[in-house]
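Chains here go by letter, A, B, C, D and E, matching the order in which they are written, and residues are numbered from 1 within each.
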Amino acid sequence: MEAFIDDWGLTAALFLPLVGAVIMMFVRKEDEAAHKQIALLTSVAVLAALVAVAAVFNYNDAGRLQSVIDKEWIPVIDSRYHIGVDGISLPLLLLTGLIVPLVIIYSWNHFPEPRNPKAFLILILILQTGMVGTFVAQDLILFFVFFEVVLLPMYFMIGVWGGENRMYAAIKFFLFTAFGSAFMLVAFLALYFLSSDPVTGAHTFQIPDLPDAATGLASGTAWLIFGGMFLGFGIKVPMFPFHTWLPDAHTQAPTQGSVILAAVMLKLGTYGFMRIPIPILPDAARDWAPIIAVLAVIGIIYGALGCLAQTDMKRLIAFSSVAHMGYTMLGISTLTSFGFNAALMGMVAHGLITGMLFFVAGSIKERFHTLEIKRLGGLLLQAPRLGWILAFCSMASLGLPGLAGFWGEFPAILAAYQPAEGLPVELFRVCMVVAAIGTVFAAGYLLWLLQRTAFGTPKEEWEGHHFHDVETPEWLAWTPLIIGIVALGIYPNFVFDITDGGVQSVLTAFSGG
Amino acid sequence: MILAAEEALVAQNIFFGLIAAGTIFGALRVVTTKNVVHAALWLVLVLAGVGANFLLVGAEFTGVTQVLVYIGAIVVLFLFGTMLTRSPIGRDEDVDNPAWYLGLIVAVPLLALLSYAVWDQWGDDHIDSLTPAAAQTTADVSDSIFSTYLVAFEAIGFLLTAALIGAIVLARKE
Amino acid sequence: MSSLLQHVWILPALMGLSFLTILFFGKKLPYKGAEIGIFSVGVCLLLALGSGVAWIDRSNNPPEEHGATATAEHAGEEGAAEEEHAEEEGAATDEEGAAGEEGEHAAEEGGEEEHAVPPVLTEKTWFSSGGVDFTVGTFVDGLSVMMLIVVSIISLLVHIYSTDYVGGDRRYTHYFAFLSLFTASMLMLVMSRSTVQFITAWELVGLCSFALIGHWWEEKPNSDAALKAFLTNRVGDVGLLVGMIILFFAAGSFDIPAINEAAATGEIRHFLLLVASCCLLAAVMSKSGQFVLHTWLPDAMAGPTPVSALIHAATMVVAGIFMVARFYGVFWEGFSIGTAHVNPLAVVGAVTLLFGGLLAFVQSDIKKVLAYSTVSQLGYMAMALGVGAWTAAVFHLFTHAFFKAGLFLGSGSVAHSVHSFDMKQDMGGMKRFMPKTFATFVVCSVALAGVPPLAGFWSKDEILAGASGSGGLSGYPVMLWMGIVGGGLTAAYMTRCIYLTFFGEPRGKAADPHHAPHESGPRIVVPLYILAGLAIVAGFANFPFGPESIKLRFEHYVEPVAGYFPEISHPTFTLWIAVASTGLALVPIGLAYLYYWQGRFHGLTERVGLARAGHTLLVNKYYLDHLYTGVIANGTKGPVARATYWFNQNVLDGIVNGTATVAVAVANWTYRYIDQGVVDGTINGSGAASNGIGQALRQFQTGRVQQYGALLFGGAVVLAGIFVFAI
Amino acid sequence: MPFVAPYLDYHAFAPELVLIATFVAVLVADLIGERNKPLLGTIAGLGLLGSMVPVLTLAVADEPVRAMFGGGYVVDNFALTLKALFIIGGYVVILLSTNYIAEGDFWEGEYYLMLLASILGMTMMASSRDLVLIFVALELLSIPAYMLATWRKRDPKSNEAGLKYYLMGVFATAIMLYGMSLIFGVTGQTGLAAIAASPAIAGTAPVITLGVVFVIAGFGFKVSAVPFHTWAPDTYEGAPTPVTAFLSVASKAGGFVALTSLCLVGFATQEEVWQPLFWVLAALSMTVGNLLALRQTNIVRMLAYSSVAQGGYMLAPLAVAGHSIDGRRESIGALVVYLLVYGAMNLGAFAIVIAVARKTRSGEISSYGGLFQYAPGLTVVMTVFVFALAGIPPLGGWFAKFVIFKALVNPGTSAGYALAIVVGVNSVIALFYYARIAQQMWMQPVPDEDRTPIRVPPSLVGALGICCLVTLVLGVLPGLVGEIGDLAELASGR
Amino acid sequence: MLLNQFLLLAAVLFSIGVYGVLARRNGVLVLMSIELILNAVNINLVAFGAYHGTVSGQVFALFVIAVAAAEVGVGLAIVLLLYRNRQSIAVDEVSSMKG
């Protein structure tokens, strides 16, 4: 059994969604129930497969790639179907596996206009393949393909099911990401050609082999290659100043899209940083780390300021992602295992929390048909449970200890005090202080949001309206997330236990950490 | 440019000079005359001049073909074309583009460039067309066509067939 | 009993459980969850008292030092691997120590100065990341035990009081749930072993404070106050985070005793300690309402009064003081308290105590008076710590908790009756309606004013003695004088408060004939009695005279004697200071007393000459008002206080609120011009530029074939020309 | 010198011979009677498939290179791969045309004859390694194409398309011929291998440069490289849509074949000239093509500019092809892969255009609004094609673009990297207008609220099926086409 | 004879032809100008053939002549069609598609 899961678990998780999607293509569009069931079943099966992989995962050896499959794929370019999990990818995989079924459950009776559950669910499933694939790929080209696969479904999700300005947002998202990927691809290729196996002299796209192969790279070249990848991943994260697609995309996307975008897709970028350029090009990483750190803290403050300026709830939450991903990137930029762990925790926590916030925002939008903050207010009176959940998520998001968000934020700040050897300590300490100040802003905009939406009394325009409180599909979709937020807050080891080994192994080049 | 010493060559050169002058003049008239029919007739002069040039370098077959095909067929085609499209037989002020200067802008540098290039490459090189060894008989031409250029020959057959069929389809009234 | 010290984690766990139970099942219970909370707190109090006894026992019979140290270290190492194991082992060692050495040390009570009393430590690894273990555990010494008791007592009383006070509230259950959560967090805070745990608890109490201040969030001022509290505290938290991070890297550990020990033994560079202390001081300033970050505290009075008593008087706001006491090794070295004559902590404390005292004068809201009084008293504590009088500060924390809670609950009792907190408009003459409340209020006030022999006198006196430099401390003369003046202020504003509330004629709502004020019920009054009683007796816990078994017991049991605590000196009782401060306290009280007599006199007149009654009363009231305000308030301090108040409201509060306004303005500007303008504009601009270039290029596509031809030939010529001449 | 009959390898000629037979068969069938009209397309299609048979047998035969006429006509893997592309592409065009021609007022039999003649020219072009042969093959593929563009005789737009195509084609031929004459003048040879071997062409001389540039410019017209692209949008828009599809794929591929064999075989020593020239043409083509495509409102016109840009991508590997044997392999492989994938996706896109125009009778992009609501199948397939063209994984186009990138980065020159960046930036610009089509189909309302489903005839379904399958399969398992590209080694002639 | 005298004659004819195709608007005249260009090429080819002593030049020229005939045929057919539809053979007026 274990061997079977080892061999097939990841592949199953990777392609089951596509199988589901293909089956759905042959089901009539009108048969909505069947579509929902197939989609849910598929995503649950994926989750099961991932849980099985996690179950056979050897946690004592989390730094080693496990459940590895390494088969020929495109021999002419030396690209292989090489997948596997280690401590870095496992938590993110599980997060993906969890979020997708929840989104489908949430969709049960919340299909955004113009409905069409068939297409919507098919897109979600394709999206899942892309996300899972990115987290398991161990070949640069395979990684690139999956990294890009997520683009189209998301583009359509925003563009078809989004809000007023959806087309602008969709194309912006699409173009930004594609722009980054083009540079990333050139960087990948340059890496391929310029590196060679120290023993055999062969070129390789295999991520695990590249750190050795790339040792001979000239420092200037490595710097440029890192720069190309920086563009690709930095846009996806998104880092200041490449963030402007994010608020638009989030604001316009349907709830489900926002949730997936926030919970998983932004992590593709940060994960990419940890997986590819930093372990492979450690020296270039050292050169880039201060730049990343500074951009990260700018992002923290800038995102917070952006939040304060918003009048739309969803857009505010979107901007908060910029700030939160800033913490994650700060953690990464320290190049220490501590910082990396913090970043991973931050990713998972942000996935759960911001995902939840978008769910809540979606439900508010559904009830009030607006997310304009100044028209809201008194949510706690109109729909108390929804209001409390919003309050809970806000608290989690602002980094309250005891909830998951704190463990992404605090360790990242902590790590910045003492970055890896060779990095400018003073600069990082300044960044640390700025990042710590960012927590004040985080509290500011979230509580302000809470005050303006949940507290107070309902505005006059809603007089006489009745708003139903949280419904069963919503409970079903949200409870796991809420439990996750609390559980990770109380016992962050759920994540750190897994990641620690993986992080150590990608950071072997930075013994200083 | 130094004229060769031999008398025959002198004669050839004089002959060439005359032909070239006529050809160029004819060509200029072709592109400047306001009368389409005149243009066709000037074209005959040019084509003949070119044919004469072929003879001058000893390419008799090509020269003859030139006369037969061009003057015999193509110019007639042009005349038919002129009549079928009811172009004014007399002078027509409206035969040039308003932007005719574009032609000059392109053609003059082109001429300069081409002249410079060939001058630079071949300077004083001679063609020894009178030596029998270099003579290219019609038999040589046909041998070449039916061996080295056989495929091209077949292809041109199809080309002409296809052009014929297509031109008929396009040109016929329906 | 002593194993209780190993298992103090039960207390917060119990309260946490209580929180969850109330949250999820509270509404279905007969008393809406209040019973769960009261029961749990009651158990906690018993356990806290039990642990108090256990600690006293341990202090009297300290285990062998090496054994204890070994236990602590051992537990630390083992804890990483096996949580339960460590606890068992610690407990086992402790039992052994207690059992084996009880007899031996029973006779040597006097020798405690020399003999260290190791704290009871437990530890287990919470999680580890990047090779760093995040530990949690309990750190029980005299200070924690004292805090446990204080928190439990006040919390229990507040719970009971609240059943009446907020009875019928629509979020009654939530209220109790948050009380439980708060108590849990506060208990956890005081027993935290690691800094991470400390930060967690620190934030959680902040959260509860936020939730409870904003309990009536329907009104915007309440939620504003809640936000302000939380955000101001967040500002301080930046300092906390940074400070703790510095300490972590300096000491290589999250372990509080280890950090203190490293600081005390000079392992950490002084500069780092100074920076860390300054950072932490910011946290103290926000949490404990020190000047300039104090402005949230008066606003926090928007919450229900029992909450103010519990959180914003007795427990949470002293968390900052507690932190300084907890990290005294760090502060001691960082601010060179033992050798300097001025340091930031003492200055902040001293300024705060005067500032708060002055501000209390000009309030018309009774809770605000008490709030500023709290600010002022917290200033005392901070100053005490700043001048090195550790025990005095902690002792004042201890006594202050009782009488200030009593005062708040008393004010709540009055307000509950008149439905207003405005002393000037809606109170007056409450003495006759609420005699029990009046009595307890006066007792607590007198205790606060520092009149011997009530609790406040002893603790405040000790602080002043500490500042004077007696007993080998380094002297802080400026602080001493500020402290003495502050004491006078305290007495004066409390007198004013009592006068306005309980004397004179009822005004406003108090005079409403349809809803005549009445004495509160037993669930309110009994806690008041208890607190008043404690306000009377608590001072004797550290009675400076008498035989060993009585003298300075508080100091003996609470002050740590261990490696993690700096070697501090202790102030001795100084008569002139005691006299001076008492005198300053008595002057205003005397005036009030005078008024009281005159009031009676006029009352007599009133009975004799009924015809002139109303008129006389009016005149006398005016006269007495004038006397009081003229002599005390307006005469000397009034202008000062008003100026201070103006400064406070317009400058300090203006800055705090202005910061928010400015932040939003900056945010709006940044968003509009930088984000949407420059950053996004660049992106959209490049899109527009592409389109524009595309449009321009279309001009070449004229549709005229010969121009295409010109381009074709021309292109060929140009390209050829370039290649011919360039290559 | 006695005449020596040339050696003829009929196996090597078999594809062309089958095509000629088909040509004759269609001609005869057309002449025999009216009632044969519906059969003509089928005959032509079958003939094309039939000509695939010898292509396959040649591919599996042991002899890797069959050279005739002193290296003037070579059947190697490169030639075979491209012949297969031309034949299959031609077959798809016939599928596209069947209903279009039958339903419109067209000359059916002659249409197929033109198509077959043009395809015949292309297959010859793939094997031609001689200036004369290349010239004749070029004319054989072009002249019928000029007439095909004009085939909708009564439509002034079609006339205009034909006229522009014809004139520009002739101009380009003239330039190319002049260039060829110069090359011939320098070397005295017409065979490419012989030209390359001639010592005269090894150096640098203005006249050689001129010759090379003129020849490339002539073919630059064929591949619609900027600034020789101007005919493309007008002709594409005006010509019958299946013809446009044919021009944008097959005819363009023919140009690339000639360019490849000319530059890599004939002008192998002149890489100092043609590499930078291709660099400039590639960069100009993709940039100008993309920028102009941004502003189009007619879908065919937009696809025309898109194909100009795509041509730029395909030119890019040629800009670095001369550095080494390895680079040459990479570049040819990349070009061939791109041509194959591009053929599938572009033909597919035009198939959709034809299908949609059956209902909307319009080429405006706005007429695609809300297509998803009444023709979801077509929408999805069109989405596949446009995003494949944009190069989004996992659709076929990504691999094509990837190999281009790979070829550009491979030599490690700054020119290569710079061009790779240009390609990258351009892919993003291109994304914008490709996405706009998707946006119209998915996200916009139906403009006239007419939601009658589109009836797609079986031949069109077949064409769509082929294209879509190829696009998807090549995206997921690009190894297939990658190997073909790798195999398509250009024999330098013997 | 100098090779260059032919080449220069060809260059001049070529350029005149180019001028002609660009400057003339009458379709038939444009076609005539094309013939000038092709003839220029032929002069080149034949002269080079003679210069190198090979028949290839002549053969090439013959092919060009044949192709030219086909081209003119097709071109005239198109011009005729144009005339039939527009009553004009001014090629620069044929510009309904642009941009």
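We adopt the following convention: a contact is a pair of C-beta atoms (placed from the backbone, for glycine too) under 8 Å apart; a residue touches a chain by one contact, two chains touch by 3 or more.
Nothing here was measured: the structure is a model prediction, and the numbers come from that model.
Identification of common neighbours of subunit C and subunit E yields B, D.
Comparing the CA-atom centres of all chains against that of subunit A, the greatest distance is found for B. Here the two chains linked by the largest count of contacting C-beta pairs are B-E.
Closest chain to the protein centre (all Cα atoms averaged), using per-chain Cα means: A. Averaging Cα atoms per chain gives one point for each, and the point farthest from that of subunit D is the centre of C.
Chain geometry summary: the mean Cα position of subunit A and that of subunit C are 39 Å apart. Here the spacing of subunit B and subunit C, counted between their Cα centres, is 105 Å.
Remark: subunit B and subunit E have CA centroids separated by 8 Å (rounded to whole angstrom). With centres defined as mean CA coordinates, subunit E is found 64 Å away from subunit A. Along subunit E, residues 7, 14, 17-18, 21-23, 25, 27, 30, 47, 51, 53-54, 56-57, 59, 63, 67, 70-71, 74, 77-79, 81, 91-92, 94-99 each make contact with two or more other chains. Among the residues of subunit D, those in touch with two or more other chains are 132, 135-136, 139, 143, 147, 150, 153, 163-164, 167, 171, 178, 182, 185, 206, 209-210, 233-234, 295, 432.
Across the whole structure, chains are in contact as follows: A-C, A-D, B-C, B-D, B-E, C-D, C-E, D-E.
Of all residues in subunit E, only 1-9, 11-29, 31-33, 35-36, 39, 42-43, 46-47, 49-51, 53-59, 61-63, 65-74, 76-81, 83-84, 89-90, 92 touch subunit B in the complex they form.
Contact residues of subunit A toward subunit D in the complex are 29, 72-77, 119, 141, 144-146, 148-149, 151-152, 155-156, 159-160, 166-167, 170-171, 174-175, 178-179, 182-183, 185-186, 189-190, 192-194.
Considering their complex, residues 131-132, 135-136, 139, 143, 146-147, 150, 153-154, 156-157, 159-164, 166-167, 170-171, 173-174, 177-178, 180-182, 184-185, 188-190, 233-234, 237-238, 295, 301 of subunit D touch subunit E. Across the complex, subunit A is touched by residues 333, 372, 376, 383, 387, 390, 392-394, 398-399, 402-403, 405-406, 409-410, 412, 417, 420-421, 423-425, 427-428, 431-432, 435-436, 438-439, 442-443, 477-479, 482-483, 485-486 of subunit D. Of all the residues in subunit C, the ones that touch subunit D in their complex are 687, 690-691, 693-695, 697-698, 700-701, 703, 705-706, 708-709, 711-716, 719-720, 723-724, 727.
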